[in-house]
Amino acid sequence: MAQVKLTNLNKKFDGTHAVKDVNLEIRDREFVVLVGPSGCGKTTTLRMVAGLEEISSGDISIDGKVVNNLAPMDRDIAMVFQNYALYPHMTVYDNMAFGLRMRKFERPEIDRRVTHAADVLGIQPLLERRPRQLSGGQRQRVALGRAIVRNPRVFLFDEPLSNLDAALRVQMRVELKRLHERLETTAIYVTHDQVEAMTLGDRVVVMKDGTVQQVGGPLELYDRPANRFVAGFIGSPAMNFIGATLAEANGSLWAEAQGLRVRVPPQKAERLRRHAGQRVVMGLRPETLRPATAADSDYAFDATIDVVEPLGSEILLDVRVGDSPVVARVDPGLRFSARERVRLAFDPARVHFFDATSEAAI
Amino acid sequence: MATRGPISRALEREDTLAFWLLAPTLLILTLFIAYPFVRGVWLSLSNSTVGEPGHFIGLANFYKIFSDSIFRTAAYNTFVYTAITTVFKLALGLWLALLLNRHFRGKSWVRAFILLPFIIPTVLSTLAWKWMFDPTFSVFNWLFWKLHIINSRINWLGDPELAMGSIMMVNVWRGVPFYAISLLAGLQTINPDLHEAAAIDGANRFQRFWYVTWPLLLPVTMVVVLFSVIQTFADFQLVYVLTGGGPANATHLFATYAYQIGIGTGLLSEGAAISLAMFPALLLVVVFQLWYIRKVENR
Amino acid sequence: MIEGARWRKWLWFYLPLGAFILALLFPFYWMVVTTVRPDGELYRPWNHPLYSPFWTSNPTFEHVKDLLQETLFNTWMLNTMFIALVATLISLFCGVIAGYALARLTFRWAGVLGTAIFVTYLVPQTLLFIPLAEIIRDYRIGDTPWALILTYPTFLIPFCTWLMMGYFKAIPRELEECARIDGAARWQAMVYIIFPIAVPGILSAGIFAFTLSWNEFIYALVFLSSPEQKTVPVGVTSELIRGDVFFWGSLMAGALIGSIPVAIVYSFFVEHYVAGMTGSVKG
Amino acid sequence: MARFTRRKFLQASGAGLAGVLASHQAPVFAQQSTVHWIKWNDFVPASDELLRKSMLPEAMKALGIKVNLETVNGNDLQPRVTSAIQSGSGPDVFMLFNNHPHIYGASAVDVSDVADAIGKAQGGYYNLAKANTSDGKKTLSVPWAVIGAMIAYRKSWFEEVGFSKFPETWEQYHDAGKKLKAKGRPIGQTLGHTFGDAPTFSYPLLWSFGGREVDEKGKVALDSKETMESVKFMQAFWKDAHDEGGLAWDDTNNNRAFLSGTIAATLNGASIYIETLRKPDQYKTEKNTPMKDDIRHSPLPRGPKGQFGFHLFQSHMVMSYSKNQKAAKEFLKWIHDPKNYERWFVSQKGYSTPPAAQWEKHKMWDEDPVMAPFKVAGRLGLTPGYAGPPNRKAAEVLTKYIITDMYAKAAQGSSPEEAVKWAAGEVGKIYSAT
């Protein structure tokens, strides 16, 4: 079991600065997910932890020992690749046994561990097959099995589920979570899918353009995004952003935009007051919107419905507020039609404001 | 965790590992190519003849060969020979590959058998051709004569123009299987769905080839052509066996002329100069091809 | 797909295919006929009443017998086999590891070295020839198989390296990375993971190298002198072309029998060969 | 590799060997001495057989020298000698053609001791033999034989077109050939790149019209009226009388063509006739009589400036890189001993004419009148480079086939002026080079 610590980690390729000053402390047995759009540096960071990429500057330490110059084979980690990287010329058994053989384990011990891992993953009957005879999900399990037989200090996952179809992905996600709870090994997991990140991670690291945007538990990221990027990245459908100007009137603070004038909730007004007269971005999660009632007068606005998306469990309303498109997620029991005018209310406790230029939450 | 010895550890460094992996190759190539190459260049700048080391005479050998009419013929022949045979080999090889890419009974047999011309030692199969081109006993002449196409013998290897043609014919015969098999390998990597899609889009057989197959096959084709051109440009055995460069030096290529002068006549320095003259020419051809391959691949 | 009328298939498929097969294989038929034809028939003029070029009524194995008993053909076969095998193995070894280094490792000079190795493939044999003779003298390996075993790699290695580079590039990097994380050293990942996967490519390069060695003529002609050291192409041509009795029958027998080993190699590995080509051309 | 270890052994035991020699014992070549002798594949295979099966074993017995005989295609001898010299290893004794000894002179051991004795004892070498093997400073090689080049012709066919006697001048030969070709029986002659039949035809043709490569002072003199005449003559002669396949023939094609009855005459060694003698049943005329009885030989016809011959000349060079020079010389002495040489000479049946005068009197020449013309081949022959010496330059002209190509170009349809100008230019370049 191990802690992993990244200190001022940097990676420069010819001309691009892929990872910038990443600092991260991963606790023992923690499941940390690196998430971000493609090209954000998350995979590079992971590969540096694995030892597959040289570190340009900074340190990586595992259990307090700096491993910058340690070869992958000496780091005692395991990694599951996006395309599984099963050795095509070996049987499933040999695939799983390879790492143990490399570490000179005794034959009975190898056998015991492989059988055990195969049991855990339910791939016992596949042991004599070759990778090309397996389905996608089976390959995925073999790749996992190969990682777990070694009992490594750290698990690394590089988008392991992205090659599976949607249903299988959900199923494997659950299994992964269960597996981690059982093995209690420190794990770093890279994905571009925020749902995976939220469901799997004890903590989630959101990255963009090589820098860490925010680190926190899934709900923390959801409820208190550090900036507009994190806010928009976490949650589905994504948060609505409406540019607005803050104005003082009648002793309270108002956010004004074209076709919209709403009150800034008192608990936020305190902090926002010094931004009065400035442009800000207001963030409203679709799930905090609902059709307004008379009581909502200050926390509601008028909108025109563009498209109605009935999903069964809910309805997504694509509406327009002034010029801004807004999505609202509402009760499936309600009936709407396109081009209808509707008044939407929001939960004043869950409205976010971001600085228009720095994009940081305010 | 350190279970590995110091050697394994040292070899984890990419440049260290690369050095050791390349060492045997570099050793052999330095010893048996780089050094002889330098020696060869020196030879070409000397007046060395067999058994006599000679001394430096600058570019005199090159002046001599460039004013040598046989050398000019040989150079011209080499380019014509390479160009014409390559075109034919490519066209026929591609055609054969397309035929072989279809399903028919006995396909694997046919595929194995048509490789024969390519795998049989050149000298030996060329001897068979020499026998078939024999001025007196040529089976082709007999056949044409029987069919009343000709009434006097065709002088396959005796007529300078025809001799070059006959040599090219043998080269094409030998090269077509290589092209066919390699291009077939390339064809098999092309997804048949594309063809079906094109067919549904209304493309006829030729259009399907021209707009789907050919562009996808182009990278493979270029590699095959590259190797073939290198081989053909430096060809030696065919001419050596069939005509020895005759009649009247009409069929010399760079390699055979260099051989005749350097080895046959013992004028080592002049032979080296002729060989060396072929190197930049070949290099130019190859650089052009590599450039073109890059261009095609980056498209 | 739907092929259309039957005659069209004949016209566009069977006919051209048949023509190709005929053209490509006729010389071999001719070799066979010449081999079993008695001398008297070989040199018969056209106007002879019994002139029949395409078959013989009195097949004979004289020529084959002559070849096997009167010449050192068996020795030449063994020599060629030995030389081709060892030269191929050396070249494969060098070419495979060098190809791996150039395709997979990043280091200074990688590009330059790759190009340099390729360029060596272009250096004309006729230029190297005399200096090589001097080297062979200095190492005192003239007239031994080693003269060829050490010089053949000069054209085999660049070729193998190039082919293998293409093949290695087509193998996903992750396999190797995974192996290294699994605890394999770089060289172990190379030996246990990449090389086994590259077997079709290695076979293909090996077949090619073997053929080229079997085929080689110039070096064999001048670096070997004793009859009992010669290779098949040199032995057959130098000892069976003599004077007025051009031993066509035995020559053709030699050509046929001398081709058998290579033909066997190909018939076994043609699938690998095609697969290997595919790998290398994709890269 | 057995050789290698043996050589090592010899090096190691060098001291011991010196001891044996110092003790005044008979010269011991012991069992270790092996001489590697390379010669062409004889056109009379029986002679190679004789050497291998009986003479070389005898030499082994007599001298204690094992002779390792290698026979190669004549056209491959030059490449082999070049690479052997450059690689400093290879045969100890090389057979060389014509004036080639001059090309490789730098790598030759002086064999005057061997050659002088043989020449003196056997009635003196012919001029051609002396000129080809001596550069004035040393004797480069030991003369072996002259392969007479004579026209072999079908007596009956010449009679049918009115020549009961073989044509004596080129004009007559042209006339006969024209008539023969009209009957589908052309003259066969190679103008290809082949060491034997091509230059033995083209050089005498040049000389008999008065053309010469260089004059007596060594100045290039090829571009002359006389040369032009000969080329013009050849152009017409080729078209009218020759089998046009000849441009690509090597030394064997005309043999096959003659034996199969497709040509009426060809310049050749005696090998055609000897082959018909060997297999009388196989080679028949169209009247089903043995072909041997219808073959006769004649020298090349006379030209305006006389009658000339150029015969393939063979000699043996002992290579300076050889570790067995002494044994090699011993062996050459032995095989040129009249008792031994005679057996080989007889087996040639006249195909080879010995290089020394005394052999003209040998009784073998009387056995077969058909072979008689070959008797004096050595006496009539000139050397390449005539009227200059057969030196290195002349050898280069010969091995580049310039004289032959001059005629070949004209035969293919270049204008005679063009052909002569080209050849003169090439010869000029060779003689002017340093």
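By written order: A, B, C and D. Residues from 1 in each chain.
Rule of thumb we're sticking to: a residue touches a chain if its C-beta (ideal position, glycine included) is under 8 Å from a C-beta of that chain, and two chains touch if they have at least 3 such contacts.
Because the structure is a prediction, the values reported are computed rather than measured.
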(request) Find out how few touching-chain steps suffice to connect chain B with chain C. (result) 1
(request) Using the touch rule from the top, work out which pair, B-D or A-C, shares more C-beta pairs. (result) B-D
(message) What's the distance between the Cα centroids of chain C and chain D, rounded to whole Å?
(response) 37
(request) Averaging only over C-alpha atoms, locate the centres of chain A and chain C and give their separation in whole Å. (result) 57
(message) How many angstrom lie between the centres of chain A and chain D, each centre taken as the mean Cα position?
(response) 91
(request) Going through chain B residue by residue, note those that touch at least 2 other chains and give them in order. (result) 4, 9, 12, 137, 259, 262-263, 268
(message) I need the residues of chain A touching at least two other chains; which ones are they?
(response) 71, 73, 75, 103
(request) List, in ascending order, every residue of chain D touching at least 2 other chains. (result) 79, 82-83, 86, 256, 260, 262
(request) Spell out the residues on chain A that touch chain C in their complex, using ranges where they run on. (result) 50-52, 71-73, 75, 77-79, 81-83, 85, 87-89, 98-99, 102-103, 146, 150, 156
(request) Would you mind writing out the residues of chain C in touch with chain B in their complex? (result) 1, 13, 16-17, 20-21, 23-25, 27-28, 30-31, 34, 42-43, 46, 51, 53, 90, 93-95, 97-98, 100-102, 105-108, 110, 113, 117, 119-132, 134-135, 150-151, 153-154, 157-158, 161, 185-188, 211, 214-215, 217-218, 222, 232-234, 236-237, 248, 251-252, 254-255, 258-259, 262-263, 266-267, 270, 273-275, 277-278, 280-282
(message) Per the contact definition, I'd like the list of chain D residues that touch chain C in the complex.
(response) 1, 3-4, 7, 36, 38, 40-45, 68, 70-73, 76, 79-80, 82-84, 86-91, 251-252, 255-256, 259-262, 271-272, 275, 282
(message) Residue numbers of chain D touching chain B in their complex, please.
(response) 75, 78-79, 81-83, 85-86, 103-107, 191-194, 243-250, 253, 256-257, 260, 262, 320, 396, 399-401, 404-405, 408-409, 412, 422, 425-426, 429, 433-434
(message) Which stretch or stretches of chain B touch chain D in the complex?
(response) 47, 49-52, 57, 60, 64, 67-70, 134-137, 153, 155-160, 163, 243-250, 259-268
